[in-house]
Amino acid sequence: MQVTLDHVTHTYQAGSPFQSVAIKDVSMTVREGEFLALIGHTGSGKSTLAQHINGLLKPTEGRVLLDGKDIHEKGFNKKEVRQKVGLVFQYPEHQLFEETVAKDVAFGPKNLGLSDGEIKERVREALAKVGLDPAAMEGRSPFELSGGQMRRVAMAGVLAMRPQILVLDEPAAGLDPQSREDMLQLIFGLHSQGTTVVMISHSMDDVARFATRAVVMAEGAIAMEGTPEEIFSHAEALEKMGLDVPSVCKLGMRLRELHVPCPEEMFREDQAFETLLKLWKGEDAHGAQ
Amino acid sequence: MAEPIISVEHVSFAYEEDAPLAVSDVSLTVERGGFHAILGQNGSGKSTLAKLINGLYLPGKGRVTVCGLDTQEDKNTWEIRRRAGMVFQNPDNQLVTTVVREDVAFGLENIGVPTEEMPARIEKALADVGMLAFAERAPHTLSGGQKQRVAIAGVLAMQPEAIIFDESTAMLDPRGRTEVLEAVKRLNREQGITVLWITHFMEEAVACGRVHVMHDGRIVLSGTPREIFQDAEKLRPYRLDTPPMARLAQRLRAAGMPLREGILTVEEMAKEVERLCK
Amino acid sequence: MALSNITLGQYYPTDSAVHKMDPRVKILLLIALIVAIFLAQSLLAFLPVAAYLLLAIRLSRVPVRMMIKSLKPLRLIIILTFLLNVFFLQGETPLVDLGFAVIKKEALLTAVHYSLRLVLLVLGSSLLTLTTPPIALTDGLERLLSPLRVIRFPAHEMAMMMSIALRFIPTLLEEADKIMKAQTARGADFESGNLIARAKAMVPLLVPLFVSAFRRAGDLAMAMEARCYHGGEGRTRLRVLKCEKRDYIACAVTALLIAAVVLAGLL
């Protein structure tokens, strides 16, 4: 399954004196099975873009296609999009509202009109997927959990819809290093099991580690698109846009400035480890001759 | 060591009588003009410690003094809060009024600064954090980083000797984090304002003069960033990160590359690789 | 993002003599104007009131279309007042025979009188809110009400509450928008169904909104305390309200207005 944005423009409060264009003439496709990173500043339009993927926002101009069909056409079942494309907002724990974890996670499946038995099964499955013990958690109030646990419950609430595409807006924001790593591993795990992932992220190290493809947004338009390798080989351009690059990329750039022959494709720690070792050994061997 | 501004002596604190201790037998001194970081995961007690310092909480055991004033004594409360200001985590939840200029005035009004003195102090404070151009704006039209800088200006206008930052960058994007941290570093450098920087981002702690690692309500490690970060193994039990360059250096050293000890930044790493490879 | 641009109240920012006036004086003058409007018992007596308002609008530099826009929310009530009076009031002099009803002269006059009174009232109060930022309004109210402290009326606390509410309205609106979207993404439906179904559908929006409002309130209280807030006692103010020449002139003109209205009533 894939979602295509076809020349999408979105203007907030169109026609009022406060109108502002959030994204302009954006065309892109979320391909089945990929881990797509959306990169850009706050205000670059990436959150607006993400909200078009599941039809929450309707383009002012252009079309959004789910497997080729226009989701805003009359007669298209919106619930189908909402079910197939799950959206996890920033700080999703702020949307919890039920008395118990189980009820909260059940909210989505209930809205889909599933049977009680089916709902129960999905709640258990979703809680297990986010690494929480269903038996221990189901009866608890979501408001007495720790921040990290609350976020997992909120994510389970989306996973219980069994989405094929999962869109996440900065899923690790505000978490401490260990919870952050756990969250990223969780998402990576879902991706490995076949879920298509679209992740908005500010951390280039995370993008370098997990993404199969990245789209860079700037001022409401797509500024760059490609594999992390391709994107980070334009480190200078990224820095010009005021975006960060992975720290090993920075190291590479600095080394080249110092005339150390460091190759450009180095953006993950593993690569840096091997590259630097080779550099050192090469030079060492050369020096011994 | 220079004269201590903040002094915490064997302080313990629990939120309720028989609840577990949130802060347990902590001692800490921050000297005048110092820039200290407290690093710890969520729930390590670091925010509680911050609130103990400016008298929002009072210690169950031990003593907290700010500029020699004991937080336990009622009459000191307002003087302590003026001298050791505080900036919190959520940029939306600490600005009080609808106009930036008036928000900066809020603290001044509270401590009874004469009206004639206010405009100059407000303007200087806003200029010091680079927000003077936004004086007439409404807070909700600003970015997270800008809101936090307004919050800093609000504290700064009260002419404090120290500012405690309680995870003030945790909710910001990278640009906002840089903006705020740069502003704070400048205040520390140019105006000698003592800073206690509470965070769970180790990249931020790297820039500080001294780092204290908190875990389970206790300070478990204290030292210069170099002492703290060069050994990833030491930090692992506290569920904290090490800087990427320190981690990389450690792996390379383990593989036999003779990198010097104590590498934390990209620049240090680059220089060291250059030395070894040329 | 969509809601962050909303304006607070209907303040129209520009630089004019009316904008610069002391908010306390503006509030008192509005009360005087209301008194004048109710004193005016004949259409003739409305002339000085209308002239006064026109002058004030002119001086305020608020565009006329903004003033007219301020009538819009109340247009139904104004029209209804007019129609009800025209058709249902008794009178002696028939004017027009519409077939189904006869419009009497007295009824028409009263109808015009009552609806004009409403229009003038709305224009007068809109002029106050259009030329005074909400924060100055609460400030003015606080000072006007502060003598009531002797009977324990919490003037300062009320003003502080109002200004905090003003500060947080945009923040909470934005948050409501976000929560609504998040629940919609989970299949929630806020739009269809009968009244009860819709009220029930609000629970997933309202509970998180309240939880968040309480969290914000807690945070804010702590931040205010950390900035040495301890009530109105011993507080100084950035903004000092001072009556100037223009305020005295405005008071004098208003006094003249009331005199004129009373005179018109005697004629």
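As written, the chain order gives the labels A, B and C, with residue 1 at the start of each chain.
Everything that follows uses one rule, which is that contacts are C-beta pairs under 8 Å (C-beta built on N, C-alpha and C of every residue); 3 or more make two chains touch, one makes a residue touch a chain.
The structure presented is a predicted model; accordingly, all values stated were derived computationally and were not measured.
**Q** Most remote chain relative to chain A, going by C-alpha centroids?
**A** Taking each chain's C-alpha mean as its centre, the farthest from chain A is C.
**Q** Report which of A-C and B-C is connected by more C-beta pairs in contact.
**A** B-C
**Q** Measure off the straight-line distance from the CA centroid of chain A to the CA centroid of chain B, and report it in whole Å.
**A** Centre separation, chain A to chain B: 30 Å.
**Q** Provide the C-alpha centroid distance between chain B and chain C, rounded to the nearest whole angstrom.
**A** 44
**Q** If a residue has to touch 2 or more other chains to count, which residues of chain A qualify?
**A** As it turns out, chain A has residues touching two or more other chains at 43.
**Q** Please list all residues of chain C that touch 2 or more other chains.
**A** Correct list: 5.
**Q** So in the complex, the part of chain B that touches chain A is made up of which residues?
**A** Per the touch definition, chain B meets chain A at residues 41-43, 143-144, 170-171, 173-176, 200, 202, 239-241, 244-245, 247-248, 251-252, 255, 257, 266-267, 269-271, 273-274, 276-278.
**Q** How about chain C: which of its residues touch chain B in the complex?
**A** 4-5, 8, 133-135, 163-164, 166-167, 170-171, 174, 215-216, 219-220, 222-230, 234-240
**Q** For the complex, give me every residue of chain A touching chain B.
**A** So the residues of chain A in touch with chain B come to 41-43, 146-148, 173-179, 202, 205, 242, 244, 247-248, 250-251, 254-255, 258, 260, 269, 272-273, 276-277, 279-280, 283.
**Q** Could you please specify the touching residues of chain C with respect to chain A in the complex?
**A** So the residues of chain C in touch with chain A come to 1-2, 5-6, 175, 178-179, 181-189, 203-204, 207-208, 211-212.
**Q** For a test of understanding, state which residues of chain B touch chain C in their complex under the given definition.
**A** Residues of chain B touching chain C: 51, 54, 56, 78, 81-82, 85-86, 88, 90, 92-99, 101-102, 105-115, 118-119, 122, 138-141, 151, 154-155, 158.
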